[in-house]
Amino acid sequence: MSEEKVLIMGSGLPGMRASLLLANAGKTVYLVEKLSNIGGDAIKNEESFPKLECSTCMVAPTQQEVLHHPKIKTMTLCKVEKITGKVGKFNVSIKKKARFVSETDCIGCDACFPPCPVSISNEWEENLIDKKAIFVPCPGSLPNVPMINTEHCLHINGKKKECKACVEACMFDAINLDDKDEMIDVEVGAIIIAIGSETYDVSTLSQFGYGNNPSVYTAMEFERLFSSNGPTKGELTLRKTEKEPKSVAIIHCVGREEQGYCSGICCMYSVKHAHFIKHKLPKTKIYNIHTDICVADKTYFNFVENFRDKETKLIYHSSMKDLKVEKNGNGLSVNYLSGLGAKEKLDVDMVILASAMVPGEENKEISEMIGIDLDNHGFFMTKKDMVGSVESSKEGIFIAGCAEGPKDIQTSVIQAEATVSGVMKIFE
Amino acid sequence: MSKVIKIDINSKQGLLDFLEHLLSNNEISGVMSLRKINENGICDYGLITEVDDLKSIEPFAPVMPVNASHILSSITPAKKPIIAIIKPCELRGFVERVKRKQGSMKNIITVSYTCGGVLPLNTFQSDDNEKIVSEYFETIKGTDTPENVRPVCKACEHFIPMTADITISVFGNKDFNSKSCLMMNTEQAIKLSKSYKCEIVEKKMDDKLMDEILKKRKAGKEKLYKEIAITKDGLDEFVDIFGKCIGCHGCSRVCPICYCTLCDFESSNYDYKVDLIENELSQKDGLRLPPDTIFFQLGRLNHMSFSCIGCGQCEDVCPAGIPVSSIFKKVGESTAELFDYIPGKDVEEIIPVMMIKEQEFPEVGE
Amino acid sequence: MKKKIGVYVCECGPNIASKMHIDKILESVKSHNSEDVEIVPIKHKLLCSVQGKKFLEEDIKKQELTHLVVAACSPREHNTTFMNICKKSDLNPYLYKMINIREQVAWVIPDKEKATEKAIQYINGGISRVQYQGELFENKIDAIPDVLVIGGGISGIESALSLANEKRKVVLIEKTDKLGGNSVFYKKLLPRQGAEKDFIAKKIAEVTNNKNIKIHLETELEEILGFLGNFEVTLRNVNNKDNKIEIKIGATIVATGFQLSNPTSFKNVKYKESDEVYTSLEIEKMFSEKGKILLSSGSEPKTVALVHCVGKDEKKYCSQICCNYMMKIANYFKEQSKEIKVKEFYKDLCLPNKDDEKLFRDTEKNGVDFVRIKDIDIQGNEIKYTGINGKNEKTKFDMIVVAPPIEPKAGTKNLSQIIDIPLDEFGFFQEVHQTTNPTGTATDGVFIVGTAQGPKGISNSMLMSQAVSGKIKTQLIPGEKIIPEVKTSEILEAYCMGCKTCLEVCCFGAIYFDEIKGISRVNEALCRGCGNCIASCPSEAIRHKHFTSEQLFQEVIEILK
Amino acid sequence: MANNGAKISFKNGLQNQMRDFLKECMKKGIFDAVVLPVRVPANDSYAWILMNDISIVDQANPIPPVMPVQGAKALKSLTRKGDGILKIATIMKPCEIRATIELAKLSQVNLENITLISYDCPGAIPMSIYNNLSDDMEIFYNDVVSENNFVSEKMKEVCGFCVDFSDVPDDLHFGFTGLENEVYIIPNTGKGNSVLEKLEMKSSENLSQWKKNVADIKKIKSKNRIDIYKQVQPTVDGLDNLQKTYEKCIGCHNCQSACPICYCRQCFFDSTASEQSANTLIDIAEKRGGIGFPRDKIMFQVGRMSHMSLSCVSCGQCMDACPVNIPVAKIFSFVSSKTQNTFEYRAGFSGDEPIPLKVYKDDELSKIHEIVKNAESDGSEHE
Amino acid sequence: MEKKDFTPKIIGFLCNWCTYAAADQAGALKKEISPNFSVIRVMCSSRIDHNLLLTTFFNGADGILIAGCHPGDCHYDKGNYYARRRYALLKDVMKTLNLEPERLELSWISAAEGKKYSEFVNKFSEKIKKLGPSPINESKLF
């Protein structure tokens, strides 16, 4: 039993779920995460639909369990470089990026942040806030150990070799600026790919004016903006003006036509966002501008209907290409074609774009490295012409969660557990 | 003969002065005594640790809101010395509890006094409390027991404390209101009094006087035992007396001897399956519900009567007005005699071992 | 025996050390020394460090501690760490208490004096509490790896197939006389359009021939008792109720599937007033049996209307698959003859899977018209509708196909009572947690899969089955025992009056009633140790093994001193 | 409450009429046994007797002047461990029936084979008074019944303001308020109906007149009730007043052991869990300068209120049992009226209403008025 | 009523999964928390019964806060709903007897709401400080 090992790529909910099931069954799990913290995108949400429950409460216990599990080797800042062999015996080489902070010695006291002279933008927080060159993505992120950004750290990038501010601030000698990347080779019997997805780059769609108008946000940006552990600690104020929006337009299906598929969850989180705003700023006018309302679960339909007209006005528009967001004085105006085909105009202070979920950058790279197929969208594909499968085109390699295609947490978790079934079969 | 502190003020003041001295000099950490809690004379037992508050004590008040032995159990073993002013029967109750490991003598200095008896709660707590109490104290300057005290008190022969460290003469003390004498009976007591500046004489109780009281009390006992019909442990008389018992078990809850957290008679052993009762019914033509009302009393007699110190608390709380304690005292004495055992006489004395065969007693239910 | 309590204060480097006077703390806790308690106060730079752990482990042994109090960071950080150390140095881990003086003292109380006081207060509380804590032990219990699957549809079959092997037998029961459920009627399967009728047939063959799967047709569940790893089940024949089978299994999978709701029950459909109004399933049957879709007259329809979302508003949920299969059906017609004019009436297109949109566009290319409507009314074979543009239209069709909502299979309610799993507001089985545990139920060891849990396609149903099999395979490993929660509730027999209050408030069915003794009992295999039952008991007849009233009282009272 | 009933006129007393009714039922085998109050041998009280011999029924008094043991307790001792084979009937005062219903919800009583019979209750005389002059009280009470006087001064105080003296979910009800030598036998349940059917009694009489009579009495009583509550409120307003009200309390817990609802085998407040170590007590005493005993006087009362006020039926047993005459029952009745109102619950009025603490509603904060308002405003941000 | 030297003693019963986590997060965010507030960790707010609350009051607590997961988020499914009822009942009794019900408080604070936690706790401590010492602690009668 104990000899049986599994590689799991991606530490989002599906990755963690699969890890725990397998580890509890006595398998050794290498949980590889490219970021410095685990938990995936779920922890970026204040609350998740449809039950609107606190995501941290939902995910944190799982994170803790994963980190404390003797059978799970959590490998943050890691990237799989090479995979050879076949089912039952894959040889995996993993590149571990230098963190420069010892995970065993650091106790997460944050003492090293203030002295660091460098400020850089925090992409985990959707660049809504700055962080130091030594940082954790957000308070409460796990493992609670900072990392150093090599290209901005003055000592490491050589701009100011003598700067050791963080080293001096640390009481545990946990920081080692000479830390080096290292290669780790492991041998596993099976592999689960759960690296999730990314979101459509809306700045490429000029019609929404994202980038030019600071009051246009992506859905992810909004999630962080709203989060009580986010950049504004939950204050709903617009960037630049720092005023609270009096009216908000939430635009669904951004990038759907371009991508050629519906992401399945945007309608839900867009209405959720409407509810968030309504709850924090009850006076705000909110509009959800949508095409098809896709509520593909038994409870989703009610979720939307309960907020319709009560908290937000759902407006159908008939043509995506005719939808434009333009500057209008200090605010914005949304122009669209109504169901009747009439030109309509809506003046708002804030626009949120429900951008499509798109395949991760590394998908291609990984698929080639392992030799498994992607579908024509660029998501990982499960066995050809096989209904209801989580196994990739190569035996012993499984796909779970949004790496396989857009889906909600629930379905991701189901897929993750399904991969576990496949993995266990291999070891039987 | 024992050392006696004499002070020329009335007994209460004398004691108070002594206590104030001890407390303010940290000879003791607190005083456990009856105290007034409002103007119309209502008293409770208090553990007092501030000198100023000592003023409120009523050490000799003829009332027993709770049998003090309960309280002593809860505050012992004490880490620092505490003086407890309690009645002779409460003291004996405490001794019985200590024997049962329900309390400890450690750091407890007991002060008791010759007791004229206790007034029933409702008598004492009545509106003309003041009048009643002053009459009481007037009476007990002599050797007569006041008429309105608890029935068992009239029949109590153990009005002289048995194991007190300090004894104060109250019953039969005509100088009660002018002088106070504190008899130091034990080394512990004498050690305490060392630092107390005062006149110390050798003295002992006035045996003649005490015998006289004892005689009267013996007579009182005869009288009481006549009043309550029970001449033998006959069941019919029992049923007559306990017929109105509502089974609230208040008597056992206030009893200083009943120390069980869960009384056997309240345990699941005695909740019967209905078929058992129905079958019982088929043999009798009527069955009392709940079934064990009287059985309980018999059981309790067997469990503890030999240790009954006759404080009368049970009788006072009985909502049905059953002369519980009189009966227990009577039965208790007869059982205790078998082992010539006087409950509460001495901590070292062992409790007479008793076998209980519940089968001996027929299932009750008239 | 004299208690010897180790009080270890972690300086956590500067985090704690710089915020309070550690030595003052160590001094003050000595006040607990008495003839039956000895306190061993010790400080350490960083207890969670490698050296720190080693030191603690050895010191517990060296000092022969009977109890341990560790004052450091939050128990959420390192409780497990120190419990493991206790185990290593054979001190029962439940005789230890962790005090949080970092997150909840050092970091939130700037004033050094106050912080010190606070820490002392907490630690005192811990010292008092730990003395009232008792040893607890894990008790392993045997578990049966075998599984019962209820329902012979595709979900049930997939569950059985993914679980059965030499070491794990599966019992599959089906109410009707054949396997396959609704799916046997589909000519083609979504999402891909390959002719996959044999896919189901293959599956059925596979399950029938699997020697590790025992199939009982025309069989239903009569009774099920027990918990994860140990269920006792009684099955009975549907036609002859006295014909019973009793089996022991470790887990149960509910895969009872769906049926289409009767379209006549919806206000805007006058179904069966014309013979030419069909439900999607009727068409599937016709197509897969006859290979053609014809009018009752036997002639081929010229114009066909496909109406989505019939009764969605009444049911208050979207059935998720209708849009897809209606396009599939549209393509059936087009295959049959390009001439047939097909119009699809829909309100919203629900295309949640990555391949769905493609199907939609292909279907459009295939010449099928899509009409977005606000409202629709089907009267015989005439359709009145209001378009999204607000215009009211009226057209006749040779044939009308409606997509009524998926609803739970008849008998679901009945089963839910037998197996004691609640139903949701729509009558589907209620999962224990929609997002993180969609296949689990309130009873550990009973799982729900496929459309029994809610509307979904074959693919997702099968994935759900595999998900459950993944859980079962990792939780019920053949030959291995299972270890239930240690910190559970327990009934104090002497005091329980059998009022069943605890039984009713327990969310996990972990309390059952002992009819003979007339008292409640805790099933430790199910108890999660929340303590709800304890608070529900007016007397102290239930206690939480690790959160007894005494323990909490001691902590509180000490802190209040 | 049924709208029709059977009417019977009688000559020598209602009690006789009720006894005859029961005997008839026993003869016809409708009941195998009955539970009735019988005067104890010393004649100074009543005891509940389970009897299967028709001849003894005559010794019983279906409407006794006192309530020594709350009837619910008697039934509990009989059926707590399940139902038997005998079909048993009992006649009890309405508050006893209500307590029984509460206990049934707590599985302390099993009503499977029990038929509950009640009547328009004139009240009960306090034990202490009855004990000493039982014979006079018997005569007095007989008159009360025959004159059907429902507002007699001599009764327990709780009876004086008992608005539910007739309104009770019994199987059969003897209604005689405002009637002369007549009584309605009213079937309120299927059980009740079948009894009358077996007796071939038609329950066709319209009850509106009787109901009106009851309503009139109710008016008087509810006025008393308001007055009493008005008078109780200040005596329990704040800790100081509470202490004053309970200063005589000696902690005997008779009120709890006499209470039909307090079904715990051992009250928490008598349990070791509630005990404190000697050191703790002494520390507290030193901190405050002194403490009094029993310490839990107030805590015990508040505790009981939070434990069982939702099920309190205001039968007044606690007050009867109190050796120091604290008006416990009035206070409890007052508090219960509030809590039961908060949870929209009436103790013992229907077997179907679940005990409030056994259930919950998802969104009830608003319903449990401002009590939890704070939680609402601070907490509901995510609801 | 308010005494200069009065430092109230407040007990907070926090559920392990939400509010206790929030308290930790407040620490991580270095939010200042009133030292008068003492945390007792329980697994679920539903563990808190009347006996526990009363014992806490009668042993000198000036205020009590019960805090757990938001309704619907309970780690044990439905626990906090029951907690809410029990709280409501005791609060009602205290209100009826005018035993300063404002000394007993219930709040839902999720694991992510460290900020809310610190604000709420400090606000509550202030309120209690204004209320002054609980009369129970002054009494020499028990």
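All chains are identified by letter, namely A, B, C, D and E, in their written order; residue positions are counted from 1 within each chain.
In this section, contacts are C-beta pairs under 8 Å (C-beta built on N, C-alpha and C of every residue); 3 or more make two chains touch, one makes a residue touch a chain.
If you're wondering where the values come from, they're calculated on a predicted model, not measured in any experiment.
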item	value
Partner chains shared by chain B and chain C (touch criterion as defined above)	D, E
Middle chain, criterion being Cα centroid separation	E
Chain of greatest Cα-centre distance to chain D	A
Most distant chain from chain C by Cα centroid	B
Cα-centroid distance, chain B relative to chain D, in whole angstrom	35
Inter-centroid spacing, chain E versus chain C (mean Cα positions, whole Å)	32
Interchain centroid distance [CA atoms averaged], chain A/chain B, Å	76
Multi-chain contact residues (two or more partners), chain C	76, 494-495, 505, 518, 536, 540, 549, 553, 557, 561
Sites on chain B at which at least two other chains make contact	37, 44, 46, 53, 79, 262, 267-268, 271
Multi-partner residues of chain A (at least 2 other chains)	51-54, 58
In the complex, chain D residues that touch chain E	236-240, 242-243, 247, 268, 273-274, 276, 284, 287-299, 302-303, 305-307, 309-310, 334-335, 338-339, 342-343, 356-357, 360-365, 368, 371-372, 374-375, 378-380, 382-383
List of chain E residues in touch with chain B within their complex	140-141
Residues of chain C touching chain B in the complex	34, 493-495, 517-518
Of chain E, residues touching chain C in the complex	9, 11, 16, 20-21, 23-24, 26-28, 30-33, 35, 38-44, 46-49, 51-52, 55-56, 59-61, 75-79, 82-83, 86, 118
Complex contact set, residues of chain B against chain D	29-30, 35, 37-38, 42, 44-50, 52-53, 65-66, 70-71, 74-80, 82, 121-122, 125, 236, 239-241, 243-244, 246-250, 253-254, 261-262, 266-268, 271-275, 277-278, 281-282, 285-291, 293, 316-321, 366
